[in-house]
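Both complexes shown next keep chain A, but they swap its partner, so chain B is in the first and chain C is in the second.
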Partner chain A sequence: MTSRFSKGLMLAGVIAILLFLLAPILVLIFSAFDGGNVFRFPPRSYSLRWFEEALTHTEYRSSLWVSTVLGIISTAIAVGLSSLAAFGLVRGKPSYRLGLEVLLLAPLTLPLVVWAIALLSIYAQLGINGTLPGLILAHVTITMPFAARIMIATFDEIDPRLEAAAKSLGASPWHVVRRITLPLAMPGLMSSTAIAFLVSFNDVVVTTLIAGAGWITFPVRTFSRLRTEGIDPTTIAIAAMIVAFTIVVIVLGQRLFQLSRRF
Partner chain B sequence: MNQTPDITPTTTTLLIAPAAVLMFGVFVLPFLFLVVLSFWSQVPGSLSLDTSLTLANYVRIFTDSYYLGGLWTTLWLSGFVTLICLLLALPLARWIVLHAGRAKGLLIGISILPLICGALLPTLGLVNLLSPLGFINGALKSMGVIQSSLPLLGNITGVTIGLVQAFLPLMVLPLINTIERIPRDYEKAAMSLGASPLVVWRRVLLPLMLPGIVAGSLLVFCAALTAFVTPQILGQGKVVTFASLAYQQAAMVLDWPFASALGIVMLLFLALAGLVGALISRRLARGS
Partner chain C sequence: MTGSPYLRIRSIKKSYKGAVALHDIDLDVEQGAFVSLLGPSGCGKSTLLQILAGLLEADGGDVQLGGEDITNLPPWRRNIGLVFQNYALFPHLSIRQNVRFGLDMLGMDRTEAEKRVDESLAMVGLDPALSRKPGELSGGQQQRVAIARAIAIRPRLLLLDEPLSNLDAVLRHKVRLELRELHDRTGITTIMVTHDQAEALATSDRIAVMNGGRILQYEAPEALYRAPATAFIAGFVGSPPANLVPLSALDNNSWTLANGQVWKPIASLAPRAAGVRAGAACIMALRPEALAVGVSGEGGLPGRVVAIEFIGGDRLVHVETGGTQLTVRVSAEQAMAGPDILLFPPQETPLLFDANSGKRLKADF
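Moving on to the complex of A and B:
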């Protein structure tokens, strides 16, 4: 009896902690349907007007466009470079493998805000502050560790004998990569692409420091608005859509290629 | 495991070089530049830098009570956030390992969600959760528990809630990894020898979980120490943390040498935290 009681208590505690973890996201999605100008609980009315507003607002639309373009280019470069490097590290087995892994994963352990301060002043000296190449370079750097970690684990799990077998049967190196390695690495490639894009798309810490007036991503615009004018329901509606999109990607990723196991 | 390489050393180098050069050039070099920059100064009223070496930036940080206050607030806030994260993550991680079963992947997915969503989106939700007309105050008022709104935004309470929410996953993930490696028999053995649940936790489980606790605490402490988006939005400018001071200097005042010095001071405290963590881990390794 007592053990069942303590188990129930434990379960209630765990559910409470999970709810706490999810509460901001749940409230965010819920409050996007509030019809008023300022969110209040309980809402006086429910409507979809802020979603309509969000989709027609030109300033936000251009920011979302910037975020998307930046995310796609940075993800492509980061996943490409880290896949090559991960393949080299796993198949080449160099003596410096550990050191290089530390280098590739460094942005996960060192504070990005401190790095961004340095990057900002270097960019200013080079005159590439607020330019698209500067932003892409920064976003490739912050997404690289996520992609590299997943790709190293992916290639570690692929049996090199499969590649050797194909080669001994007369396949050219390019043929081996295309027909054996790439298909086997596909779940890892999809996972790292999804995570890298989301990290780039949602970054505010680095981008808010180095983004100039020309390339304002959605998180940067929202952050600067929040500090000056407070919260605005259109922002909430867009944020709710982004969170919903993120959840869909993670759930699909989990279903299709066990995303969380690779993280 | 086969130790002979499957590709030639030249190919290996060619494959690794682009990523390695990029990470070294764009990530590592700026940190080295930061050290130099922190000993320079800004020519007043312009964007150009005075490259004669000076300690003025550091003297300013450690003599001005505004910056010292910010540093002190940030340090104890980070420690407090780490402690709360630990208290919440221990039961959660243990439950996920022992009882979650097939839901485990989903639960880990939920706990990494705040990491992937970045700092901003969950914070927006937190504003609507904590504001005077928001979810918590509205719910408590309509239930008649309170008459006037509780002040949950624009103070240290709001910032603490925001930071715990944002960084809890950093504590949960290493704990899950450690707990998965503890054989379940240990606990059963201790129980069968008559140990109470409290003694089992204190003498058996906690010591075995310590590597995960140290790793998770370091991650949370460092993340909280350098956070500025959450403190700025939930503190509404009234809670001054060290990283938001550095952000203001870099993005608004445009005094980059001073911002760099603030950054270096943050790095020194992170290194100190890392050192303490390493010492604890070493003592553990020797003790066992």
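Moving on to the complex of A and C:
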């Protein structure tokens, strides 16, 4: 009896937490289907006009494109570099490991605005302000700490004796990486990629300062429109599509992951 | 012995940041032999094994295997099987994939590899149809998989680093016999690291006793037991190991014990017989199972019983004698008279060691 009661209580708690976390997303999705001219909740008439608007709106489309390309390139660079750095730090065990780890986390310790101002003045000297390479470099800088943190933890968890065992079974260093280290690091690589991409995709502060008017990312555009015109229902529709896309990716990933585990 | 041995280790040295782990190790292993490296924790056993496997670079010296100098060969070209203490099974691969790993690296074709996997699993007593991941197996099964994986590649040398230490006492006893059987069937030259002397005595053709980064003695089990080269070995080998009694020569016929008590043994155990001069500090090793207990007689070592342990079949009697506590092993039926008894060491030449160097003192008759 008591256990049944406490189970019920626990279930209620879980539902409450889920509601708390998911409510904003639900609000967003419902509002996206609203037919009105301004953001309302709950929606009063249903229509797909904001989706149409979003898909035809060239400014948003180009911003989404900029965000995606920027996110992919800087994530690839950040995850690649931090994987190499993390592997070196964990396997090489240099005496300066702790120092370097702290340094890799440094960007997290300052408010982003301060960090952005510092980058701005350095990039001005280098003449890469407002250019794509400058923007990519800035995004690599702000995503690295997250990617590196995850990769260091990932490699720390992989027993070096597994690599040694593989070597003794005739695996060259390349085979050890491909058959042992990489597969074991895959979950870590996935999460570090996801986190790095999200950090890059979400950033407003650093991008606003570094990119200037040349490269306007989706959150920067949304934010600036919000300040000039209030909430634009087009943004809501785009956000709803991003949520839908994310869910599809997660479901597919889960399917494939389980399939890959079965073989 | 003519010709060079199958495995020939010469002057292998290794230090970790100034701390010496191995001093000049020399070791020869005959083809097909089962050799144990026996020693307490931290004496350098694993370090030596890693060097043989090529996973660790020695600071000096060389290793030859089958006449080939392998000192600078990378581990993946050595064809030496290695079983780690924690087994180090690949967690993302199935049991069969684990065993097949080395065969894939050799580029063996699929059907032949699968056949070899079946053979190897059967050889360690595992069901070849086992389709699980390593994490789902018991410690004993994981250990078998690790051995199957190492022997699947038909290694030139099989290295086992404390292969039994993660098993419970009953399983350990069973598996050590199986290890020896497996060795006899495959004929693979095997080196096993252990700090359990009973394990080494039970399985090995020869035992290299190590301490402080040195090999103290390299002998067949019986020789090691009968004629330990140092007091350390005498105090390490045997169940329970020999009692080490510190004493110094009073004159040609008597010893002074630790608490100043004088003991006049029978002639064959006297300082004169061992060629020890008066005043010399020595250690006499007395095997618990070789001491006879009595109440009267010539040359007995007087002692007082402080505790008795029943160990099934036998009893261990702890005796306080001359300032040292000794263990005596007697059969459970033997009656124990009073707390005050006499201990009679065997009549043969004593196991006598120099107290400073720990080296065996040989009587020069």
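Assume the second predicted complex is superposed on the first by the 214 of 263 C-alpha atoms of A that agree within 3 Å, B and C clash if a C-alpha of one lies under 4 Å from a C-alpha of the other, contacts with A are read in each partner's own complex, and residues count from 1 in each chain.
Here is the rule we go by: a residue touches a chain if its C-beta (ideal position, glycine included) is under 8 Å from a C-beta of that chain, and two chains touch if they have at least 3 such contacts.
This is a predicted model, so every value here is computed, not measured.
Contact with chain B, but none with chain C, is seen for A:Leu198 once the two complexes are overlaid on the shared chain. In the superposition on chain A, contact of A:Ala164 is made with both chain B and chain C.
If you count the residues of chain A touched by chain B and by chain C, you find the higher number for B. In the superposition on chain A, contact of A:Leu119 is made with chain B only, not with chain C. By the touch criterion stated above, A:Pro24 is placed in contact with chain B alone, chain C being left untouched.
When the two complexes are overlaid on their common chain A, residue A:Ser172 makes contact with chain C while staying clear of chain B. By the touch criterion defined above, A:Leu103 lies against chain B but remains apart from chain C after alignment on the C-alpha atoms of chain A. In the superposed model, A:Ile180 lies in contact with chain C only, and not with chain B.
Contacts of A:Thr131 after superposition: neither chain B nor chain C is touched. Legend: residue contacts after superposition of the two complexes on their common chain; A:Arg91 is shown touching chain B, with no touch to chain C. Residue overlap on chain A between its contacts with chain B in one complex and with chain C in the other: 164. Of all residues in chain A, those touching chain C in their complex are 159, 161-162, 164-172, 175, 179-180, 183-184.
Of all residues in chain A, those touching chain B in their complex are 10-11, 13-14, 17-18, 20-31, 38-42, 81-82, 84-85, 87-89, 91-94, 100, 103-104, 106-107, 109-122, 124, 137-138, 140-141, 144, 148, 160, 163-164, 195, 198-199, 202-205, 208-209, 219, 222-223, 226-227, 231, 235-236, 239, 242-243, 246-247, 250-251, 254, 258-261, 263. Within the complex formed with chain A, the chain C residues making contact are 53-55, 74-82, 84, 86, 88, 90-92, 101-102, 105-106, 149-150, 153.
Residues 2-9, 11-16, 18-20, 22-24, 26-28, 30-31, 33-34, 37, 47, 88, 91-92, 95, 99, 105-114, 116-129, 131, 133-135, 137-139, 142, 165, 168-169, 222, 225-226, 228-229, 232-233, 237, 243, 246-247, 250-251, 256, 259-260, 263-264, 266-267, 270 of chain B are the ones that touch chain A when the two sit in their complex.
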